[in-house]
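Sharing a structure here in structure tokens format.
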Amino acid sequence: MRPMDTPIRVTVWNENFHETSERDGAAMAERYPEGIHGAIAHGLRDRLGDGVVTTTATLDQPEHGLTDEVLASTDVLTWWGHVRHADVDDAVVAKVHEAVLGGMGLLVLHSGHFSKIFKRLMGTSCALAWRSRDDAELVWTVAPGHPIAEGVPHPIRIPQQEMYGEYFDIPEPDELVFVSSFTGGEVFRSGCTFRRGRGRVFYFSPGDQDFGVYHHPDIQRVLANAVRWAAPEQRSGRTAPGLVNMKVPDFTGARLSTEVGA
Amino acid sequence: MRPMDTPIRVTVWNENFHETSERDGAAMAERYPEGIHGAIAHGLRDRLGDGVVTTTATLDQPEHGLTDEVLASTDVLTWWGHVRHADVDDAVVAKVHEAVLGGMGLLVLHSGHFSKIFKRLMGTSCALAWRSRDDAELVWTVAPGHPIAEGVPHPIRIPQQEMYGEYFDIPEPDELVFVSSFTGGEVFRSGCTFRRGRGRVFYFSPGDQDFGVYHHPDIQRVLANAVRWAAPEQRSGRTAPGLVNMKVPDFTGARLSTEVGA
Amino acid sequence: MRPMDTPIRVTVWNENFHETSERDGAAMAERYPEGIHGAIAHGLRDRLGDGVVTTTATLDQPEHGLTDEVLASTDVLTWWGHVRHADVDDAVVAKVHEAVLGGMGLLVLHSGHFSKIFKRLMGTSCALAWRSRDDAELVWTVAPGHPIAEGVPHPIRIPQQEMYGEYFDIPEPDELVFVSSFTGGEVFRSGCTFRRGRGRVFYFSPGDQDFGVYHHPDIQRVLANAVRWAAPEQRSGRTAPGLVNMKVPDFTGARLSTEVGA
Amino acid sequence: MRPMDTPIRVTVWNENFHETSERDGAAMAERYPEGIHGAIAHGLRDRLGDGVVTTTATLDQPEHGLTDEVLASTDVLTWWGHVRHADVDDAVVAKVHEAVLGGMGLLVLHSGHFSKIFKRLMGTSCALAWRSRDDAELVWTVAPGHPIAEGVPHPIRIPQQEMYGEYFDIPEPDELVFVSSFTGGEVFRSGCTFRRGRGRVFYFSPGDQDFGVYHHPDIQRVLANAVRWAAPEQRSGRTAPGLVNMKVPDFTGARLSTEVGA
């Protein structure tokens, strides 16, 4: 397993649009002075201390801040996007996809459900139902033995939040950890794990640009748990699974091949 | 697959306590004149017509109405119990268990979550949270391609129902088909499939002695769909999986055994 | 569920390369006189009789034979490809993908694991290990209660077959139905189901251009079972899940919305 | 998550029959001088060093060595039994069951598939196919991103081992980590995870009294990984899930209840 004495290297990615837009900039500066990415990174450091090293990356940087070097030295990538999914370069998406299959952890957050990378990993439309009004959200744990649910109240109570509802068009999760309800009566599979290749993916829906959900201590706890869960044991030299031409069978006759000729 | 031209033989089991008790008898007679078992059987015949043959069985009958002959000629058993779980004979439970592993379908309904047969099949406590007040329930489909969800509105709306909430202590379902919400904000995995041995098990929570939920057309539809899903292809001579002593290997050298002497 | 009295409409797709190539044509004409697609279609009709209507489609046809009309009237599509995956038009792949999410069943066969449509639905590399020599394959049932395993011997014995081995880079299947072994000692998850959107997908590996596996009666049985399992209940007007803007909540106060104002 | 600086407390349980029987004692003393339990404990300490503290317990001890105190201070229990399953006291089984639902990890090894505790947790017969001759076993990883597979060769090669084959009558595992093949051509789901209540269960089949498999370095690695995976974050005060009477709803009107009086 992952050596316990080395910190997990997390790259927190944000499209960083609302923060820099004329329409939302002022409200965002008040709600998220360091941007959504800054708030997420801050929460992880608060919870994990020396157990984590965070950096951030945004859409407007060269290669969206996700160069080969960055990906190779990232143990867990978190992804937040909303209105600029289409502007993410397909070549970068392909590299992130390859990195996940090779073992890099990925946390897809809230409106990231419609990101290119999530849709590519899921193979479905990732569509859902939504309403942005005055709902409260309760996040219920349905897998209390899962490491991501450790120390999380049942339910988490979020006073104000955008509603995300079913049907959420994803493959059946490998593990369903959280299910949310909203005051309007909707439900949502809000915390889902998926293994893809050697990588671990966690989708978590609470967290919106219009509400300060990433400052919520329980939400921060979930994200910190998820970072630890998603971090690969292997810290370097990771590669995605590939085609293997197995010329020599393991059994020859009724014996192990290595014994043959011995 | 199951021959399409023979009806599915369903045995509808009910502990039949509320119907016959001094306290509840009068109200039940009004709500369920034929008993809960009668209402369930009626709904199945309404929906499936010639596709089903129903019989009923109750706790007070010899062997609770579940003799070897009955079990051998039952394709799908539905189970409703509430306050008399402890009075179900362990020997009968063992036979039902064996029948399920052999391929008989089983629908466990509402408070049947605490029945001996369900706890035995699940291996967990099957505990849950509950409140019997004035909640409404919405039943959301999270697996729209599943046969049990066919023709079911999204959501099913039940004006009055007992609240069942998480954490529901069951193994992760093979397929999660429905998730419910209640006006109080709780959620519940209300429709779950489990394969055990050769048998298919479906747990469905809506349906209570205090509310006439089994007359609800959408609930009847779910039960009818579930009966068809759970019915085994094999109509007779079913046996549970057993220990097999395989004396002869299939491969000998690098060839199939049957070719060896050829 | 699907009306029992209407046949399932299956479209059998084949890249049809080996059959028409200079190198393989003569051998294929002997092994598969009607092509691989012809053999698959033949086997389905043999097994399902009036329960199925088959048509075939190939790469060289306009739109690869998969026009909007064909897809709209196809209940289950089977896919065989090997060396010409790259020549399949992305626009056709997108339409097939949409049709699957809308409910069309899909059977992906053997080397189809590397087809564009399968990789898109899986979200992984779909890479595997392989060896084309003189292995025999045994196909073991690990889900004896699954409809696809109905009437299938344990194991199926295939005297000669290309080896496909783990690691097979797919998401964890919703249901693992078959696991194969080969004389060389390799294992392979050879029969896997996946629900995607409203559609059901089955991957089945036995079946190769170099061996006459599609004439094998047990393989034909599996494919027939899978067609019946994958066929959607809804025969027309299917649509993929989409984004839903839910303006009106279902609960208002503690009551169902429709009751408000009543 | 589990504090990183406290060792995992493992109790290694063994029925200790072959070691003490007249028939097998001499051979066992040579093969396993400290008993199977001693070998397993030794391997864990070798691999995990300060990360683990091991104790052993055996059938012949009072309460089989599994008193309330022992269970309360055990993070992971490993279970090896073969011919004396029936002699395990039902009261002890009930306590172990309760402890697992409360969060204690459990590793069930080899012939432990037929132990009372495993059958109770699975809810199925746990029957399988077997042959004790001269097979070699290959253990293939089918979930390369799973922590239990970390650092494990693909395949693990075991020169001599009892054959365990399908059909193995267990519920579909939450995660299938390893699949084995044998020279005779059989396959077996040899490494399976199951979450039950708050606890994590891992079944692993390699390991037999007639072969020195627990000295195999790769097998030791798997067991060490599994101990770390199964260890609960919560070290004390664990309780199994129970029935919860939720009198007060979380939502009242469209607001969180706690806001109501505010």
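Going by the order they are written in, the chains are A, B, C and D; count residues from 1 in each one.
Just so it is clear, contacts are C-beta pairs under 8 Å (C-beta built on N, C-alpha and C of every residue); 3 or more make two chains touch, one makes a residue touch a chain.
Keep in mind the model is a prediction, meaning the values are calculated, not measured.
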Farthest from chain C in C-alpha centre terms, which chain would that be?
D
Distance between the centres, which are taken as Cα means, of chain C and chain A, whole angstrom
30
Considering chain C alone, which of its residues make contact with at least two other chains?
135-136, 138, 143-144, 155, 165, 167, 172, 174-175, 181, 183-186, 195, 197, 241, 249-252, 254
Draw the chains as points, connect those that touch, then say whether the picture is a line, ring, star, complete or other.
complete
Counting only contacts in the complex, chain B reaches chain A at residues 138, 140-144, 154-155, 165-168, 172, 175-176, 179-181, 183, 185-187, 189, 249, 251-254
Residues of chain B touching chain C in the complex
1, 4, 103, 134-136, 138, 143-147, 150-151, 155, 157, 159, 174-175, 181, 183-184, 195, 197-200, 225, 228, 232-234, 241, 250-251, 254-256, 258-259
Contact residues on chain B for chain D in the complex?
101, 120-125, 127-131, 133, 135, 163, 165, 167, 169, 171-172, 174, 182-186, 194-197, 240-247, 249-252
